[in-house]
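Okay, got some structures for you below.
Shared between the two complexes below is chain A, which has chain B as its partner in the first and chain C in the second.
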Partner chain A sequence: MRIATTAATRGTLWKQVALVCAIILCLPLHVARSQSSSRQAIAIVVNPKSTVTDISFTELRRIFLGEQQFWPDRSKITLLVRAPVAHEREVVLDEIYRMDEDQFRQYWIGKMFRAEVAGGPKIVYSSDMAINLVGVIPGSITFVLASEATPNARVLRIDGKLPSDPGYPLK
Partner chain B sequence: MRAVVTAGLGALIVISGGAARAQDAAPTQPVVHAMLFGDASYLVTDRKIPAGFQLGQVVGHLIVSFTDRLNYFGEFTATAQPTGYAFEVERSILRYDFDDAFKISVGRYHTPIGYWNTAFHHGTWLQTTVSRPEMIKFGSQLIPTHFVGAFAEGNIGLQDLGLQYMLGVGNGRGSTISRAGDAGDVNGSRALAASLSARPVALFGMKMGIGYYRDRISAASGVTADEGISSAYVAWQREQPEFIAEYVHLAHSPAAGGSTTGSDAYYAQLAYRLNGSARAWKPYVRAERTTVSPTDVIFAPLNLGYEGGIGGVRYDFTSFAALKAEYRRERFQTDNWSNGAYVQASFTVPDLGGGGDHSEAQP
Partner chain C sequence: MRKPAWLAEVIVQSIAVTVSILLALWVDQWKQRRSAQNLATQSMISFAKEIKQNEARIDDILPYHEGLRSMLAHVDSTHAIHTQAQFQGAVGIDGLRPPSLLQTAWQTALATGALTHLDYETVAALSLTYTLQDRFREDSRTGFQAVMQASDFKPGEAEMAVHSAGNYLRETVTSENDLRATYAQAEDILRKKLGKDDVPAVPDSTTAQSRPQPPNGQ
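Moving on, here comes the complex of A and B:
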């Protein structure tokens, strides 16, 4: 009876040790994945029929701030923005808007209040949704992780740099 | 032959049906956004004015996109009065956007004089403080806060400077000078408004501008004068710190002859959003002054002189509602210095359609 109890206890112990080891072994992978995610560049993508291939960071900021609402060919810009908590959104709010979530909301409410825009950005909930919509909405622009960009959307150069280039501003 | 005609008609029906379906697929339904602003205050003061609880303006916004270039902006208010509520069409603007450089509109506007009048006006929740500066207070006689007419506006090249212009022609003040000439120009002399603003890229968050307004006033008192209003402002819109300063010079030349007089109004406001766990708090101060020429044929009888200072704190307890507490010390032209304290709750409902300040994307 004593031996049986010990064996059962030992079996449970081994299971726990195995579980802890598995967690420890997986942790670096998870951290590595998180770090690689936080290091990934954000690609600015537009409708593939767009004639725009390169954009300055100043122009990009003016588009995302709603200060520029038309492309050079006079077609209307439709801004697609990821819903909150997406990593890509955090990068864009930090680097382009320089705002936190509350400031971002207040900014667009103020723009609508002043009749500067007729509506805020359109919300998308995943990279797939962003790329699918940017592929079918003429004049649309959005952002995704560079690794998730597909041929359905055209990746813009920013100040002549692609996401893989050194000095790309949205990393 | 009959078969050919029948086939042709059939093909025509199929083609026209397809064309009709294609037209139906186009975004023919207007897109509507609606917003609501509101506030309620409690006032304690040693001025001889009604104190206690005060319901501020309830403000409704309606924004309709008929197409991606044709939009309607409406703003409607209900304001508590001693005998009930006064309903007002504050703004009603139909605008066509040709591109960023040229947008043309017609309707009733907030006159582009200075910063506050167009940036906050009826949006109490948007402004840091409890109330507007005295120079653009509710029912202001000093500045024509509303404008009925038409505007052309847009961006001007030079992206690094972020230049924008507005050029407008309208009815100008009504015979009650605090009101715009909603039902027509009272004297057949159109008002002109022009403004130029800049948002320099190198100073992200900064907005500055100048403006000029010209009109002939025919006041209910029977006095007629030419009015010229020059304005300038600078606003640092980031919250750490937030800084707004405006200056307005108002000149009146009596039509019956006589010298031109000048009146001045200005204010400066400083606020700072605290850091970390205190981020919901934003203390602020403001100083302001209005000096009216004693010989001004329009303003002098109205006793519009004012000086005062306020200090307070704003607490944003959610993303869409704020509580503000404010102390003010002020002196109106015909009064002694007075002290007052306000507590105000203000809020916005950013989209009554339930989509927040944005809407879900649709292909």
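Moving on, here comes the complex of A and C:
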């Protein structure tokens, strides 16, 4: 009876050890995957009819901050921004706006209140929606994961660099 | 027979008092007229500024709504949406919201009685503008609620929601275009009444100064 109980306890112990080992072995893989997704570059996409192909990071910031509302060809810029929680939005808020969600909200409310802009950025809920809309709205600009940019969307170079190039600022 | 000196003095003084009273009344009336004129001008400047801002808000949202409408038409024809998640991902709900339009100038003019100092043509144009704006707001609210209800569908019944959103956007885009044309008319009337120099510029880059001009002077 005692021997049987000890054997059962040992069996459970081995199972627990095996589970811990499996977790330890899988952990680096999971970390690597999550790092690769967080390091994925964000592509800035514009309407295919746009004449702009290259943009400086400073100009990009001015556009996203609503300080520049027209393209050099004088067409109106329509800014499309992903709804909260999307990874792309977090990157853009960090790298371009340098704001958190609350600051971002306050920023646009303030701009509208001072009548510096007629409206805030327009919301999109998925990469597909962003790409589809940017394709039909003249002068529009948005951002998607570089891997999700389709050939019918024009990806802008930032300071001469594409998302796949080293030194691309939106990674 | 000579009139007594005191009588002449009384007559002169009476005339002086009457003239003074009349002058005081005239000055008071002139001041009131001037104040009413200032109120009317101030009110028209506020109207011009507010209408310009509202027009800019419509100009800002219109391309987005047109884009959504065109996207929905494509989705409707391809029957690509089956679930609520797909509907939300393809269309969203918040994006369908109408723009918030201002009516502070109208309410202030009603509260201060400034409208009574404006001419009939201006009041009629402003009244029409704000009535249409109110109707747009009411129609949009009702339509948006209908889309919200329709978007709460069971799997496989997405067609209704897509149709509802499509209809709502078609009507919204039409109303936005109508409203924009109405704003342009009201602006014209106000510009004529105020004179070009008095029409205020809205301090954003959607004003006439920075609005894109058609290329080659077309």
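The rule is short, and it goes like this: the second predicted complex is superposed on the first by the 138 of 171 C-alpha atoms of A that agree within 3 Å, B and C clash if a C-alpha of one lies under 4 Å from a C-alpha of the other, contacts with A are read in each partner's own complex, and residues count from 1 in each chain.
Basically, a residue touches a chain if its C-beta (ideal position, glycine included) is under 8 Å from a C-beta of that chain, and two chains touch if they have at least 3 such contacts.
Small disclaimer: the values here were computed from a predicted structure and weren't measured.
Look at chain A after the overlay: chain B and chain C clash there. Residue contacts after overlaying the shared chain place A:Val136 against chain B and chain C alike. By the document's definition of touching, neither partner reaches A:Asn152: not chain B, not chain C. Of the two partners chain B and chain C, more residues of chain A are touched by B.
Once the two complexes are overlaid on the shared chain, A:Gly119 sits against chain B and chain C alike. Once chain A of one complex is fitted onto chain A of the other, the partner contacts of A:Asp102 are limited to chain B, with no touch recorded for chain C.
By the touch criterion defined above, A:Asp128 lies against chain C but remains apart from chain B after alignment on the C-alpha atoms of chain A. Only one of the stretches 7-15, 25-33, 61-69 or 79-87 belonging to chain C has C-alpha atoms clashing with chain B in the superposition, and it is 61-69. Residues 68-70, 74, 76, 80, 114-115, 118-119, 122-124, 129, 132-133, 136-137 of chain A are contacted both by chain B in one complex and by chain C in the other.
Only residues 68-70, 73-76, 78, 80, 83, 114-119, 122-126, 128-129, 132-133, 136-140 of chain A touch chain C when the two sit together in their complex.
Partner chain A is touched in their complex by these residues of chain C: 53, 56-57, 59-61, 63-64, 66-68, 70-71, 74, 88-92, 94-95, 99, 202-206, 210, 212-213, 215. Chain B meets chain A in the complex at residues 31, 33, 35, 37, 61, 63-65, 68-69, 71, 73, 91, 93, 95, 97-100, 118-119, 123, 126, 155, 159-160, 162, 199, 201, 204-205, 238-239, 316, 319-320, 348, 350, 355-363.
Of all residues in chain A, only 56, 58-59, 61-62, 67-70, 74, 76, 80-81, 98, 101-103, 105-106, 108-110, 112-115, 118-124, 129, 132-133, 136-137 touch chain B in the complex they form.
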